[in-house]
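Letters A, B, C, D, E and F mark the chains as written, and numbering starts fresh at 1 in each.
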Amino acid sequence: MDSRNNAKKNAELRSLAPGDRFCGYYLLKSIQPATTAAGKPYLNLRLADLDGELPGKFWDYAGPLTAADAGQAVWASGRVDTFQNAPQLTLDNLRLTDEKDEFDLGRIVPVAPYDAQEMLHYVEQTLQSLSDADYRAVCLAVLERRREQFALLPGAKAMHHAFLHGLLMHTAGMLRQADALALLYPDVIDRSLLLAGVFLHDVGKLAEFSTTELGLVGDYSKEGQLLGHLFLGAEEAGSAARALGVPAEKTMLLQHLILSHHGKPEFGAVVYPKCAEAELLAEIDMIDSRMEMYRAAFADTPPGQFSRQRVYGLNNCMIYRPAQEE
Amino acid sequence: MDSRNNAKKNAELRSLAPGDRFCGYYLLKSIQPATTAAGKPYLNLRLADLDGELPGKFWDYAGPLTAADAGQAVWASGRVDTFQNAPQLTLDNLRLTDEKDEFDLGRIVPVAPYDAQEMLHYVEQTLQSLSDADYRAVCLAVLERRREQFALLPGAKAMHHAFLHGLLMHTAGMLRQADALALLYPDVIDRSLLLAGVFLHDVGKLAEFSTTELGLVGDYSKEGQLLGHLFLGAEEAGSAARALGVPAEKTMLLQHLILSHHGKPEFGAVVYPKCAEAELLAEIDMIDSRMEMYRAAFADTPPGQFSRQRVYGLNNCMIYRPAQEE
Amino acid sequence: MDSRNNAKKNAELRSLAPGDRFCGYYLLKSIQPATTAAGKPYLNLRLADLDGELPGKFWDYAGPLTAADAGQAVWASGRVDTFQNAPQLTLDNLRLTDEKDEFDLGRIVPVAPYDAQEMLHYVEQTLQSLSDADYRAVCLAVLERRREQFALLPGAKAMHHAFLHGLLMHTAGMLRQADALALLYPDVIDRSLLLAGVFLHDVGKLAEFSTTELGLVGDYSKEGQLLGHLFLGAEEAGSAARALGVPAEKTMLLQHLILSHHGKPEFGAVVYPKCAEAELLAEIDMIDSRMEMYRAAFADTPPGQFSRQRVYGLNNCMIYRPAQEE
Amino acid sequence: MDSRNNAKKNAELRSLAPGDRFCGYYLLKSIQPATTAAGKPYLNLRLADLDGELPGKFWDYAGPLTAADAGQAVWASGRVDTFQNAPQLTLDNLRLTDEKDEFDLGRIVPVAPYDAQEMLHYVEQTLQSLSDADYRAVCLAVLERRREQFALLPGAKAMHHAFLHGLLMHTAGMLRQADALALLYPDVIDRSLLLAGVFLHDVGKLAEFSTTELGLVGDYSKEGQLLGHLFLGAEEAGSAARALGVPAEKTMLLQHLILSHHGKPEFGAVVYPKCAEAELLAEIDMIDSRMEMYRAAFADTPPGQFSRQRVYGLNNCMIYRPAQEE
Amino acid sequence: MDSRNNAKKNAELRSLAPGDRFCGYYLLKSIQPATTAAGKPYLNLRLADLDGELPGKFWDYAGPLTAADAGQAVWASGRVDTFQNAPQLTLDNLRLTDEKDEFDLGRIVPVAPYDAQEMLHYVEQTLQSLSDADYRAVCLAVLERRREQFALLPGAKAMHHAFLHGLLMHTAGMLRQADALALLYPDVIDRSLLLAGVFLHDVGKLAEFSTTELGLVGDYSKEGQLLGHLFLGAEEAGSAARALGVPAEKTMLLQHLILSHHGKPEFGAVVYPKCAEAELLAEIDMIDSRMEMYRAAFADTPPGQFSRQRVYGLNNCMIYRPAQEE
Amino acid sequence: MDSRNNAKKNAELRSLAPGDRFCGYYLLKSIQPATTAAGKPYLNLRLADLDGELPGKFWDYAGPLTAADAGQAVWASGRVDTFQNAPQLTLDNLRLTDEKDEFDLGRIVPVAPYDAQEMLHYVEQTLQSLSDADYRAVCLAVLERRREQFALLPGAKAMHHAFLHGLLMHTAGMLRQADALALLYPDVIDRSLLLAGVFLHDVGKLAEFSTTELGLVGDYSKEGQLLGHLFLGAEEAGSAARALGVPAEKTMLLQHLILSHHGKPEFGAVVYPKCAEAELLAEIDMIDSRMEMYRAAFADTPPGQFSRQRVYGLNNCMIYRPAQEE
């Protein structure tokens, strides 16, 4: 009998109970090939979806998946058993997904709440609109080189925008702000410089993160930890600008915006913001990060109540969601 | 012969030289009635305009002006003499101005670079547009009660917007930002609450400042120093809201926005911002203040150069004005 | 047979063992009505006394107590059973207490170590002794309005005086200090203002706390979290003073003492203390809080030893209790 | 003719005008013997009183006073001349004072506003009252050894109690407080230990200061700068206690009180206060210092006004003196 | 049959499995004599070695070891049983070790990785080489008095050099540095003073720690907590110097070096370093501590990787061990 | 008559008196060509040497020197006149120096107290000794490109090593330390990496400073202010390493050492030191800077005394120079 008969399909892992059969798409959180006392190969593994994970065994499994496949999306099926009073999966089928598999990635890993293609299109259109040809060229060159990563990666390991396309969403949100605010302070703000700074401010994160196969931040890379994303981004922007023959003054300004966007040395800025665009960039970054933390906290905070947890990035406070006006 | 013949009219004080005759409108910076050894009354005074000031004497002056008139605009005429190697005015005419005098106030005291009537109109129109009737009512009530002061006073004693109509300009600038940003974060921001918070956030300053006749901040008032403008504003907003029967939740939110708008206790906030509108209000305030500091610093910083002085409110840095792109 | 025969009466919960019968007064820590698989109503609950708590079941219980009764004192009886290797109560009787029940509240919730009536009498007598009629009137008006709460509530959620009548005990302790110190610094201290400030400094806590039925602080109220007890107290004192026609200078001083009593902005003060009474009030508050932390820590620190735990409010140190002199 | 005929006697130096003759007691602020071009000896000197000082010359002066006599009280007489548009004294008489001279020291150097003998008597009586014989013995031994210095020296170089007998006044003020507060917290405070700590807490200052002949703090001594008065005091108290055979526990407690009396390492404490008496001592010290700063600031702050200067030790605020109640 | 037949000798505790017999030298981590329900005496105890510990019972044990023997090295033998699913030792032999026992102490308690005798010899030789007879005499006197403790004790309770002979190793490492650096800055550094300061800087720790029988730091002593090792060391050095008639200037300098070696008050320094030798001593201390933290962290950090844990004393970072160059 | 007859040659400017004739080598501090009312060209200028400067005029001067020559060494002669009661030079000769002029540069600008050629030779020899070919190659390449600047420039604008060849002296001093300390901690320190880091740590200063003709730091350059010398140095080292094909790991480590050498973000570090060589580099930098501050302070601090001024970089203390041992 096919194990998928009567099986719960794509069920949330936390809803599975001993005795259930299951099949569906999951994240292969970890995988360790092993050998029984009797010398037979098997797998220790963990499957995960957005809200939970379960340990499992695949007996008599001899490949092709190995420890290197951890972090991939898989199709799996089998049965729910019990081990030490807790549910454990016994698998009879396990393979990596490919393009022909149609499933909702957002069910197994966190994904931005907006459409990635649209956001990417918006970012590109906005960069095309920069009136300064030098700043425009640097941005488009960096986008060209980094497009895939830039569109896919999270904005952070934790704190805010820690989901697929998060960096893209953060960048798009900041560009929208920058466009609106540049209009309000035309005496002091050069729109092209500000928007270029917004686009470039976190590109160093693409080198700072070491990501899993699916694009999630596994950890910081060596470069990320030893050099920091401000330095990495400024070095990359500088090299792109020099390759395009951008004047030294403008290259320096782009690098200044990147190096100062954390606002103060104690928050990680390499230098204080010293031009109006750098100052505004740092504020815009703060606003978009914090509004996103509120959006995320609202997910489990009903109107008229405080969040159950303190939010680290919001001064470590429990935040309040105002009651809805009737 | 009339002393005003051949007199320089409304001349900048720093351009006057011994021997000149002068007449025009000035600020009466200080005035002390005195008596000569021979028992005759005279005045020691100082006249000022935007860029300088000069000491003066008015011999045989018996009134009506007294020490209480310091800080007023006056019409004055006389001659420039020399005392201890420095110029000193000898007056033959001095009177307070009234409505019939037509002169440019901005020549003798610092004034906002935008039209006060237009800004006030914009603020009022924007408050009329609040969809929440309660928040709208509180704002309009406070505006009604404080209109004159609100339209006239500076935004601060020093630091930023320290000129006539400065508070109005600061409020208008923040409302424009708030209107733009509320659109960008509709999931977390209630536009009515945010804009009401912006309008009310500094009303406590109207009680915090003790102003000169012409509206400039002479010093902080007793209440300002002992209670602070955050408390004063929140108490005033609360009493206005209660008088209008606004629900307690909304009154509390308005007060929270006012009390938290300095962002952190170490910057003077009574509480941390704990709702999204409070957080955004604090950021908007920061942006408008700092963009104004850049605007002001640009006045004597040529493109491609650093400011000559450190700017206290901008991390005490010398700020850079980017070279103009050609 | 009556279950209370042979039952241990008012036994400490931690002394109960499986097989014991029990009856007595306890705190109903939590209560959740539920239904068995067979459709019968029962209660999941937890009883508590000063030193421990136990889970329990009341089978076939259909009311009248509901989840809303958590936090009340109850009379309960039943038997001690075992569930998952731990004791669990099986109840056969459960009711709220009323005035006719005579029992020692201090056995089930923490209570101040001094007599509440005597302390309240002392506070009231002391307020009557203020020579300044305005300050006296404000204090007595606030006391009148808040008497019951003021006499019952703890002084804090944790840290110090976190027991019934704690605020009263803290206030009385501070008044005693204030009375003694006002005598020592007559050149700079107005006794009436100082003592009024002492009495009023924490009245905002009455609105800041949201308390359980028995008067213990469950959590901070919305107002407490969004406005803070300094603001709430100063607003309340101001409104009481204005209702009594107290001169503005005195109202302002009372508000200043309340708003500054945490000493520094980074400790939560709205403004720095700027008059001698405000300074002294902040010090007196510190002394009484810290002496109480020592008193509490001594409960399980023998002479000649250090406390077993670090005391957060005493610089997070393990504190030393000197050996007794013989 | 005797120069003292018609001379203004003990006149304030700032009241002297060219042409006046003067005689009286003054502070010899500085004195440098010199020689004229013609080879004749003379003195350059400065005389001072509480509110001013004047330069002077004593022509043809061959001794006995030398540069080593700076900082002494002198009797001087002579004439007021003019040098470079400013008054300069020409002396005809100058000698050190001795016991037979009767004059008000407080007119030429700052002196505590209370009677030193009475304060010293109070301190000694209070030490005699300590019930613990060990603590009493240590205090009396240190007092015996240091009596003269202790009674004479200021409490600080600046900040507070910076006048003759200042340390005595500060100690007496703190003992009065300690006596009152020990009564209020008998559960945690050992009166003998607390009062002994109060008496000893600043004895290290006697070695920390290097004082002028008249007892004023000229500067910190080498030991004061390199070891600090907390260490110096604790070492001295420890050696006194060991000489008296005081038990180690008590010696250690006395040293702990001295070493911790600044409250926190960042304020100069060697260790945090870790027993109740140490904690209370630190608070009492703070109160007495700050009340004295208020007392001093009131000298030129009228009721209902703010001090003209910021007071460094009071959070660098301008402090407010409440209006007198009528 | 002798229980030691077939027994695993000196086996690592974590390698023992139920059913094994064992014998060998271990640390007696804890020991509580008890009595069975039947009235028979037995021991509850825990044996430990460097990497693990196990609970055990010794039935029918009536002495001579008691609770006071915790922290000693013992010879033990017995069997490994199981209790509540975990291994538990059943002992049949247990005695304290004495000089005749030959075993590797480093297998059961952490020991410095260098030979203690050689290090002690180096320290003593170096002190003999001080050209200043006074500084040399003070050091040798202190070494004489404290030799055993100084050679045995750890350098700290945690953080760095927290193993037997740790203080000796730290001192030797610092002396080597000091000797090298004194050569490089001969204009400002007095080698004798610097090296004496190095030797004396932590002698206060010998009184600050309360150590176990084997020399490990159990906890801080009362004096350590209430007075701190900087004070204790400076007082001890001062008394040694005075006993030897060392000039006051030199005594003061030695005390200054000890009191300032933590660099800043917020790191525990009593005073800031104010002479070049004090400054250099503080830096040398920092370097030796931190290099040791790296050495210790390398133990489980392979080349080319980050440490698994954050290292508190290294700015709480995960530290990187560079890849080996090939 | 030739003006140089009887002229004081190379006299210190502060020793010149009205009426003197002078000739010699000086620093041309400033120079402004001007025109008299009568239309004749002349120069306003200032000459300076190490201890002073004087204003001067050169009448009827038509070139060739212009405002662009400020900051150069010149030969000048003329007469000392008086203008407004102060000395003013009247020049009759003024020309730039060239190689043929032999004079002591150290008399007119501050110069390191050691021989620059010897120090440069030492640095180069040491770099040649690096066993790691990659690190050696990067250092030598950077030295080659920057040799002249590196040998000439000061180490800072103020604070320490603020004289010609200061950076070279600082680098040589640190290399000597590094060489000694690498030997002492061979388990954790790679000598090649450490010494390469020392050499490269401040190369960013060569771009950070904008220097005068003679090599003194006039001000920070735009890049210096907007990007900082840590970023500039790391970018330069990275580009040199990549040009040489150095492995990425080593390039990253060199950049890490440069970016972290200020120790903490609040002191300007881009990242915390996270490898042992980075940690040690930061300490070595601190030591060499501070020992130099002591050396400099000793210049006007006699033995047994405190410095007259507080030294900003030494915790803003007045530092003590120990009395000489006899």
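Keep in mind that, in the parts below, a contact is a pair of C-beta atoms (placed from the backbone, for glycine too) under 8 Å apart; a residue touches a chain by one contact, two chains touch by 3 or more.
Nothing here was measured: the structure is a model prediction, and the numbers come from that model.
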Shared chain contacts [chain D and chain F, defined touch]: B, E
Centre distance in Å when chain E and chain F are each reduced to the mean of their C-alpha atoms: 46
Distance from chain D to chain A - Cα centre to Cα centre, in angstrom: 66
Junction residues of chain B, two or more chains touched: 222, 225-226, 249, 253, 274-275, 306, 318, 320
Chain-to-chain touches, reported pairwise for every pair that qualifies: A-B, A-C, A-E, A-F, B-C, B-D, B-F, C-D, C-E, D-E, D-F, E-F
Complex contact set, residues of chain D against chain C: 132, 173, 176-177, 180-181, 184-185, 187-190, 193, 249-250, 253, 264, 272-277, 279-280, 283, 286-287, 290-291, 294-295, 298, 304, 306, 314-315, 317-323, 325
Complex interface listing, chain C residues touching chain E: 306, 318, 320
Sites on chain C touched by chain B in the complex: 222-223, 225-228, 230-231, 234-235, 238, 249, 252-253, 255-256, 259, 265-266, 268, 270-271, 274-275
Chain B-touching residues of chain F, taken from the complex the two chains share: 222, 225-226
